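Could you have a look at this structure, given as structure tokens, before my questions?
By written order: A, B, C, D and E. Residues from 1 in each chain.
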Amino acid sequence: MSAIRSFAALVAAKLVAFATAPKRFVVTVQRAIYDLRTGKRTPWDVAKSVLMTLFGLAMVLVLLFPLFWIFAASLAEGTRLFTTSGIFPDPSTYNLGAYRWVIFESDFFFVDGDWGYPQLVLGGSGGLVSFRWAGTETGPGAVFNSLYIVSVTLAAGFGMIVPAAYAFSRRKFVGRKRILYGYVLFTQIGAGLSIATLVALYSLFSSYGLTNNLFVLGLFYAASAIPFNTWLLKTYMDNIPVSYEEAAMVDGASFFDTIREVILPLTKPGLAVVLIFVWLAGWNEFIIAQTLLRPENYPLSVELYNIATEGRFSTPWTRFAAFANLFALPVAIVYFAAQRSVEDGLSFGGMEG
Amino acid sequence: MARVTLDTLRKEFDRGTIVAVDDLDLEIDDGEFVTVVGPSGCGKTTTLRMVAGLEEPTSGTVSFDDEDITEVHAKERPVAMVFQNYALYPHKTVRQNMAFGLKMSTDMTTEERHERVREMAEMMGIEDLLDDKPDELSGGQKQRVALGRAIAREPEVFLFDEPLSNLDAKLRTEMRAEIQKLQKEFGVTAMYVTHDQEEAMTMGDRLAILNDGELQQVGAPTEVYQNPVNEFVAGFIGSPSMNFLDVDVETDGTTATIRNEDAGFELSLSPEYVRGNDLRNGRYTLGIRPENIVLDESPNGEGNLRSTVEVVEPIGSDNYVHLTVTEDFLARSPADVKPEAGDEVGVSFAEEDIHLFDPETGEDVFLTDEEIAAAVA
Amino acid sequence: ISTGGSGGDGSDGSDGGDAGGTATLWTDLSDGEDEAMSAYIDEYESESGDTIDKNEPGGELDQQLETAIPSGEGPDSWIWAHDWIGRFAVREEPPFLYDASDDVDASLDVFTETAQEAVQFDGALHGLPFASETVALFYNEDMVDEPPETLDDMISTMDEFHNPENGEYGLSYPVTNPYFVSGFIQAYGGDIFDTESLENDLDSEACKRGMDALERVSDYVPADPGYESQIVAFADGAAPFAINGPWEIANLSEEIENLGVTTLPTIDGNNPRTYSGIQTFYFSAMLSDADQSTVDAATGLAEWYTTNEEIIQTNAEEQGYIPVLSSVVEDGNLSEDVRAFAQQVDHGVPIPTHPNMNAVWTPLTEALTRVFNGNQESGPALDQAASEIRENQ
Amino acid sequence: MASSQLDVGGGGLSRLRSALPFSGHDWGLLLVIPGVILFSSFMLYPIVYLFYISLTDATFAGSVIGGGAELIGLANYAQLLRDPQFWSSMSTTWLFVAVSLVVKVFVAVGIALLLNHARVVGKRYMRAAVIVPLGFPGIFTITVWRGMFSDARFGVFNTVLGRYNEFMSALSAPQVLLFDVPIGFLSGRWEAFFAYVTTEVWLAYPFMVIIIVSALQDVPESLHEAAMVDGAGWLQRFRTVTLPAIKGPVLFASILTAATSFQQFLIPWVFNRGGPARQNELIIVYGYREAISFNEFGLSAAILIVAIAFVGLFMLVAVRYGGLAEGVGEQ
Amino acid sequence: MARVTLDTLRKEFDRGTIVAVDDLDLEIDDGEFVTVVGPSGCGKTTTLRMVAGLEEPTSGTVSFDDEDITEVHAKERPVAMVFQNYALYPHKTVRQNMAFGLKMSTDMTTEERHERVREMAEMMGIEDLLDDKPDELSGGQKQRVALGRAIAREPEVFLFDEPLSNLDAKLRTEMRAEIQKLQKEFGVTAMYVTHDQEEAMTMGDRLAILNDGELQQVGAPTEVYQNPVNEFVAGFIGSPSMNFLDVDVETDGTTATIRNEDAGFELSLSPEYVRGNDLRNGRYTLGIRPENIVLDESPNGEGNLRSTVEVVEPIGSDNYVHLTVTEDFLARSPADVKPEAGDEVGVSFAEEDIHLFDPETGEDVFLTDEEIAAAVA
């Protein structure tokens, strides 16, 4: 609960920082002008800053060009990606129809965009208090499946990654080196090779009757995220001095107190990074999800892919783009909130020679 | 509140290739303040860590009040420790840092804890910093928080690992007095590690000198200063440190002449210093403290030897006079004795001020075996 | 939130109880088609008492089937063009298709001849057909006064407009896609795949002449042979012609005010023999082990749908489906667009169903690409493709 | 400095261990085991299974699941080694990995340096923005890039080049500075390769930038100052201070992204199925196509097993010689 | 080799809210060794960085040999600097670290460079470490490499930022002598920052004392020690530091009586001290150094006041006697004067040893305005 509250606070702080950015920028400019007038900075000095900033901006624009382009496409009329008359579609045709479609007609939030709301049911079949969707005939849509998968992936992933990383970093046990080595070797196998192992996976799942099971799929993503993230977090923990734990011990803290009060808070940046990577492991994957799941359980990634292949030979681009933009939104929010931590957490100080 | 006894305590690292602490016997009385000194890497920290329960001894025992606690886990020991690197929890405020130990080891309510923390902070002069995080503090402030955190718990045994090394001279002097006052006030037993021998001398009821994992001497500061049992202790204790000179001794059993041809040094010992010691003919190392050297500035000043002045450093109350007798031969003279660099001066020592060390064992030949044995008990 | 759990109840819908059976049907239809299909299924369910569990697995339907059927989780029926029949029919361990000869009551004679052939393989009936499709010529009436009869006519019109520097083109045509270009290659009577000899005939003189004709029009398309890059030229009004299928009618008529459709122009007097696909209800091997009620549900739906004149007629009007139900075809009550496509189907041939056909697509696509990119002359390209195909079989 | 910290951690490990409340020596293993089990059952098992398939004559996916395949030993591998397409595919894949890696490193280092530069105002925001591609699924961004690389004159890049040509012509620049539009990005072998590399770089740079930025932020300012006082100019400072500091992280990121590039499937598949004419068929596309288009499932499995073996080997070498596993070997 | 002149040098941070260095004027002669001391945060490092060119002054100029180099880039200045945190290149060996500056700023061949580096390393006692990376060195070794690197370049101006702070007492003493010797040998101008006033006293030809960014006093060490211009300097220089006592002065222009009722202190000044100073009736702060306090142990020992002994700290050669006169009132007595805690002793000061500071300006009232002005030039 407090985690949610602190996350909310973090997001709020980020938003405030974001909202006040223009103001701060204006102040920066005013100061530069003031400094110029009073001769504290030479014009050349200011010009260098301006040029570098412009250069940086230009680079950002170039790098993000594909995204602008597709964003413009998501606002256009019709379904085509191209126009023969220029790069961007005619701005006079811009509209939010595609987004409206995603929200109110696609399966993004609710099947066929038939919105409902959660309702508590007392004394239902599933125990004392259960919970169902009211106001919708078709039921919750892909985003709920995605969130469910991601929650399973995050819960299972964190449940296994964090203790293992701690053990690798702080404990000595048989096979430690071998397992860690194995993990390092496997950090990159899996992601790309899911295509390769697809059939094997399918037969594995189906022989245990585990196809079309969101929970198991969530576990699968967690499994694929384990090697890289365990290793990443272990590297991070290695850089936390042991003396904090010792201090806690001398202070009379038990092992679990130490974990709760000292280890976890200090590992926060590392955890933020792992959060992002584990999240992405479950959020973006669609090939395996599509093979293992039936349509009523499709997550957003599969829905997105299905939009791409919806037409016989072509893609309804405006919808595809709008869907993708909404799809990327949660990741973007998580990333913005955790940016500082991510940049800290990936600090591989220990890797320099 | 507890008598700490270390019995043939030993710690090896890396499968015995490194002996960090070598069969150490030490008893610290209830309420006593013992400082532990020695050069870097001599095992001071390791010893302290074994007392705290952070390191398991290879052999030997640690007892509090005759109760063997070697196997007791760190969190169960009534010990507080100030770490060499502070080890403040970076994510907690100063207040939380100081309250953490209380929370873990006492039943105090939150209010009581905060009250106690406030008191401690006031005593340490850091009450304004209670809501800051450790990285916002300067080195000195951090060290004071670490001290406060340890003291707040009112443990039975205090362990300090170089707690003042990062403070500037003035603050250090203040904090020394503060620590001593608190320790006496609470009557807590304390072990205090430092590599600064002056600090060790001024603070400790007794001084334990370690070298290479072995205990060299334990005793009251003045005792250790005046009667070092061996060359190592003699050289380590005292600042600036004792001057050493290789000498040849010629003795007939009642009198002896000590001589160093190169330096032109000669000194005769009176019978009372020769008798009863097993001083033989041969080579010894003579030790003399800078402040026991008397300089004669007059052009043909007399002394046990004559030497040229290399550099004179004024330090306010006195002058340090560097002489060419050996490399780093230093005399400390009153402010009014201030020869110029290049002057030749007479240098003399009194026979009661000199020490003679056996060049092999390093032991002081003027001490009896019993005295030497007693020095480490 | 609990949206997870074990999800749908799979294909074994026979839990007894009511009289009707339950069958699963997989589809991959566009939005409009899908809506119509759902409505018909509802209608069928209320008429028959059967339950049809229609799913849209998305992605590549054949890939889904490849894994689902062997593991026993496939659908009882699916809808796709007939060209997978041969490929799936030869599968034995495990089998993919079900021979419904004994379960289908209606006579196949109600369908056109090509359609009848298309759904059978080695004497077994693996599905029922309901529509065919092929490519024909779209033209923009604002740019073209009179639809061209011959290739030369068409080329002279294209010459008028083609000017890539100004963003104007002669034709929109995915010229490296064998399905789209089959009409040209086979125009002189050559066969891409000879259903008699079960061999490709690409290196025949006839095919090579067809290929030359294709090369003549290829000069008038945008440089990117990709489908989406091609169609946009026509859709933006930057090209007078497009060669494409009935599925584009809906979109294009929104974009082009006066859209015309006609058969492909004759080439040296020959009608281009385009490949046609026949939309089919497949009967999956899942039915072999299923309850009879399920079999009845699956075949019942197919039969009802494919032989229902009203449905077929409506589909032709609303979806641009070209009927294969003889009665409707003969009735002649079709829109002009659909009639043009139907006519083109008449000129063309169904895609061969033989499994060896599978080996044809990739080498031919590559040959077409090489020629289009100017990396190879058309003759050698076809020779190479032919020998590659033979090698792969 | 950092690795001395690591030593402290390492030395402390044994000390801490002996002080923990558990005497069981291998207590830590318990924490690791669940992850290992989950990982092995979901990731290792399929690979073993795939290896089994590679020893059979399976022709399509179903023949494996349905049990219609028979063991034929290493025949698939033998066939594979004889297939010239395999070798061409392998070499194209390595070339792709190498070229995209080099470009990636330069691009990412450039971006990171610029967005860490003291003179750039608002660099935090720029850094956040530049990372955005990470959030979109590959299938989406790759399809978008496919569109941008259209061979048609109205394709995005061809349009841009066309405008550039107009601009240059207006300046009456010499002919050599102009491009011959439209460029067939997907229809020429090297043009397509260029398109792959560009897209791959775009996909991978955010990860690298994050890592390099955090490495750059770890470089103590005083090192730059020391070099300045030592009389070093900008380039020399870059060489002696910046470069060594980011070398480790860049190597780390390079190894990881190289391994991912090796397994790149979507780019060639979406762009032109590894074309033109299978010339750019990266190894996974090759394996996938064997399975899907030619119904050679056993052979396809063999290809993929070889690919996995290569990635494994690559990681092993990289880990050994790249110091990637620092902290694994010690203790 | 260069005369360094700082002219009204000023550095503000955070748009003027922090004045790190406040209009500093300082001239350092060619070949002179000036140490800069002051409490933490007083602007020592900032000053040094401005001289090195790493920080741009807000106003004022830095000149070498009368040539204004304020605008010259760091890499063009003939300066070598030892950084507070060493700033060794972590990926280069010790040899490469030491050779880097030579490579950048001289035309030496590789061999010449290596020869020079070898020489330096020998001088510093680190020749065995030449092939090690900085990581593998202990703190003390690192600091010696940093020193060696700076010295190897034979610059015209040396800047040292607390270069010895991490060494233990013994090594520190050695390195001090080494640095001084080298500086004199090469005749290089040197600015040496330290917060250790003892170090500052022993090393500097002159001493510059900074506080809060402002220069307090510049002068030879003994001069500063004996004649501090104000209370800050008096308290900062000297260890243990000067004792301060609030007193009331009653004067008739020729004699004066200084009195503190609480402490029972009374002292009469003879006319020669009163005349010529503007001593008035009123409140002053009296300062007296610990070593100038004479204790009378006899039961009714006489003195300017009587006080109780709080603690006695033996430091070997002398004893520090803490008295209850004020908090932290310390006397330094010879080793043989060793009262017990709780004893009452007589305490006396000689009038020539006392300082009287104006409580408002802090200035020493016995000094003339000219003398005070001269102290900072």
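As a working rule, contacts are C-beta pairs under 8 Å (C-beta built on N, C-alpha and C of every residue); 3 or more make two chains touch, one makes a residue touch a chain.
Listed by chain with UniProt protein names: A = Carbohydrate ABC transporter membrane protein 2, CUT1 family; B, E = ABC-type D-xylose/L-arabinose transporter; D = Carbohydrate ABC transporter membrane protein 1, CUT1 family.
The structure presented is a predicted model; accordingly, all values stated were derived computationally and were not measured.
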Shared chain contacts [subunit A and subunit C, defined touch]: D
Strictly by the touch rule at the top, which chains does subunit A share as contacts with subunit E? B, D
For this structure, which two chains share the highest number of contact pairs? A-D
Name the chain whose C-alpha centroid is most distant from the C-alpha centroid of subunit E. C
Note: subunit E sits from subunit D at a C-alpha centroid distance in Å of 57
Using mean CA coordinates as chain centres, what's the gap between subunit C and subunit E in Å? 93
Whole-angstrom distance, CA centroid of subunit A to CA centroid of subunit D, is 19
Separation of mean Cα positions, subunit E and subunit B [Å, integer]: 26
Multi-chain contacts in subunit B: which residues touch at least two other chains? 53-54, 73-74
On subunit C, where are the residues touching two or more other chains? 63, 67, 71, 167, 228-229, 232-233
Overlap residues in subunit A, where contacts from two or more other chains coincide: 81-85, 199, 202-203, 206, 241, 243, 246, 249, 254, 305, 315, 352-353
Spell out the part of subunit E that touches subunit D in their complex, as residue ranges. 49, 52-54, 73-77, 79-81, 83, 85, 87-92, 100-101, 104-105, 134-135, 149, 153
Give the list of subunit E residues in touch with subunit B in this complex. 39-41, 138, 168-170, 173-174, 177, 180, 195-198, 201-202, 221-222, 225, 236-241, 289, 291, 311, 313-317, 320, 322, 328, 332
Name, in rising order, each residue of subunit A that touches subunit D in their complex. 21, 25, 28, 48-49, 52-53, 55-57, 59-60, 63-64, 66-67, 69-70, 81-87, 156, 159-161, 163-164, 166-177, 179-181, 183-193, 195-197, 199-204, 206, 219-220, 222-224, 226-227, 230, 234-235, 238-243, 245-246, 249, 254-255, 280, 283-284, 286, 301, 304-305, 308, 315, 320, 324, 327-328, 331-332, 335-336, 339, 342-353
Can you check the complex and tell me which residues of subunit A touch subunit B? 241, 243-244, 246-254, 257, 261-262, 265-266, 268
Of subunit C, residues touching subunit A in the complex: 1-8, 30-31, 55-60, 63-64, 67, 71-73, 167, 174, 227-229, 231-233, 235-236, 238, 245, 247, 251, 254-255
